[in-house]
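Two complexes are shown next, each including chain A; its partner changes from chain B in the first to chain C in the second.
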Partner chain A sequence: MSQINRYDNRLGIWGWLGGGRWGAERYAYILHRITGLGILFYFLLHIVVTSLRAKGIYLWAGHGFLHQPIFEFAEYVVFAAFAYHACNGIRLVLVELGFAVGKPIEPVYPYKTSLNVQRPLLVCMMILTAVFLAIGGYAALIE
Partner chain B sequence: MPGISNAARLITFHVTRYNPETDGAPYLKTYAVPVREGMTVLEGLHYIKDNLDSTLAWRYSCRMGICGSCGMFLNGRPGLACNTQILHIADANLTVAPLPNFEIIRDLVPDLWTMFDKHRSIKPYILRINEAEINDPAGEFYQSPQQLESYLQFTYCIKCGCCMAACPTLATDARYLGPMPLTAAQRYNADTRDEGRRERNALTGTSTGVFRCHYAGECSRACPKGVDPARALQLLKRRLVLDYLHLARRIKRCEKLHGPGQGKLLPDIAAAPKGTVG
Partner chain C sequence: MNRTKYWTWHMAAGVVLLFLLGLHMLIMHMVGTAHWFAPYGTEPDSLQNSLFRDGKLFFTVTYILLLGVALYHGLYGLRTILFELTLKPAFEETITVVLLVVGLGLFGLGTWAAVAAHGIALAGARG
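Now for the complex of A and B:
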């Protein structure tokens, strides 16, 4: 029997963005991954910048290179990413420990899923994120 | 019936075509299909096959959302072709593609083998410590309605693969077991007749197991039967964590009742009538 050629139809990274019925949890999922990667990138950058001290280069001191407005704004973006990642992370820990997903039910159309059960938690965490962003933004402006 | 129009509308079907013998990659082919109110995507494909292009291949069987054969990617969303009405999802154009995250065998036929392989690996059947009870049952197991409800929802899975196509994690990690096999694992773990949870934990708790799920929730949105794989996976994670920390409450397993004719008759139940044959 001859070998049948099959076409690999895996979505890859595109699968993060497409391929499903778009819901709030999927946006949260994508943003959680992007902010996670962003924070990881920041930590690596942070190590590079601070290790320059060994060469006697202080990029953040006084009116140094890192005190330009673009970097001040980038610092706020890092804070925003951290606030979102932390708040959404708490939601994920609670959900993954089986809280806020409800008990199995008889599936009767129109179907209600665990997504409906945990939605209030998602909303609360996003409000909390917004509060943190507002406080952080206010603190950055008056600095 | 009032409110239902019989006038046909022309909808352009953009169907993925792929012939493994002649094509290097899939391509889209368009067909104009006259669509009436209530017509399903499956009926549209049949119209193409009967009138426009007899070479089109897809998989289907029951036509009523039970067999799970006709899972497809309809306008960028996974669903069953037989229970999706064309006019519910399309105004003028409808894209019909095979389920992603699977290899394409031909046209709209995905190779679901990888899913069934993973499904088989989690041992989706009742496991008992005493194998003789399974192979040579001497009686029946009692299960209360509450115990049944703890897994009943997850038994409605028809293995159509829509959840596997919708999962963004599976899109980037082929080794991840995926929502369908893990839901099956939770279905049997929660069954009080089963004693194989720890055996399954060895697979579902690995780095390619349930902890790769990050709750995008797409599996539950895509599921055409309301099985809610996302809920099953979170309950599975909870149980794995409790098992790991030795905090899990001991589940009272089913007691085996007597075999036919050996049980004690309750006083308020009338005796069976005498046999009339033989």
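Now for the complex of A and C:
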């Protein structure tokens, strides 16, 4: 009797974190998801912490608990995550609305991929992100 | 149909966030623009500067707007990620309800705080 070979096609964590043949945009997606979850986590805490000021508690100002170098640095990391998420988010909105992906063409061999058409937008957005990171970093240092 | 609509709102919320959160970042993290809305000293989040903004109706209103839009965008994004796990419909329903309760709860808390802080800042300004 012939034996059935079963393959476990689930790629596990690599299936999610790895870009495989998809290239740079696939990694951009993973980073978008991680930064999205990161700033969401920060934001939920941020709402509670800043709401305390209605009771006169300012944890971030003066001698407040959050006014320490480690938290100031963490705030910069959150800012960096946001800068990336925002710039890449603009790219996603444009691409998902059909901008910057080129006109549809007949699928004639050798096939062309639209990824090469949208690549410049990704590059522009990453440069923009880098600029924001630099300005924000400078601001954090001189404060 | 409805599900597509929620996604469209998620995208629209992203664009609104770009402006509101962009302003928030200009104030908190950008050299050169911070002092417009943080006139006291070099720390945009000092007590004085916080009170300065809380006293302006513009900030009270945009804080509440930002709060609602960001909660929707973020929690809907989280829901999207969880739904990719192909869960049982009843479990999906539960997630939706939990996120809705969390979102509305935090929206209530933040709105109350923004309004209360506005009152405190105005009372402080009057002395």
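One rule holds for everything that comes next: the second predicted complex is superposed on the first by the 112 of 143 C-alpha atoms of A that agree within 3 Å, B and C clash if a C-alpha of one lies under 4 Å from a C-alpha of the other, contacts with A are read in each partner's own complex, and residues count from 1 in each chain.
Note that contacts are C-beta pairs under 8 Å (C-beta built on N, C-alpha and C of every residue); 3 or more make two chains touch, one makes a residue touch a chain.
Quick caveat: nothing in here was measured; it's all calculated off a predicted structure.
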item: Touched partner set for A:26, first chain B, second chain C, both or neither; value: first
item: Partner chain(s) touched by A:61 [first = chain B, second = chain C, both, neither]; value: second
item: Which of chain B and chain C A:73 touches, first, second, both or neither; value: neither
item: Partner chain(s) touched by A:106 [first = chain B, second = chain C, both, neither]; value: first
item: First (chain B), second (chain C), both or neither touched by A:6; value: first
item: Contacts of A:96 with chain B and chain C, given as first, second, both or neither; value: both
item: Contacts of A:44 with chain B and chain C, given as first, second, both or neither; value: second
item: Partner chain(s) touched by A:143 [first = chain B, second = chain C, both, neither]; value: second
item: Intersection of the chain A residues that touch chain B with those that touch chain C; value: 33, 96
item: Chain B to chain A touching residues, read off their complex; value: 18, 20-21, 25-26, 73, 76-78, 98-105, 110-111, 149-154, 156, 165-168, 170-172, 174, 190, 211, 214-218, 220-223, 225-228, 230-232, 234-235, 237-239, 241
item: In the complex, chain A residues that touch chain C; value: 33, 36-37, 39-40, 43-44, 47-48, 50-54, 56, 58, 60-62, 75-76, 79, 82-83, 86, 89-90, 93, 96, 135-136, 138-140, 142-143
item: Sites on chain C touched by chain A in the complex; value: 11, 14-15, 17-18, 21-22, 25, 28-31, 34, 42-43, 45-47, 50, 54, 67, 70-71, 74-75, 77-78, 81, 102, 106, 109-110, 112-113, 116-117, 120
item: Sites on chain A touched by chain B in the complex; value: 4-16, 18-21, 23, 25-26, 28-30, 32-33, 92, 95-98, 101-109, 111, 113-115
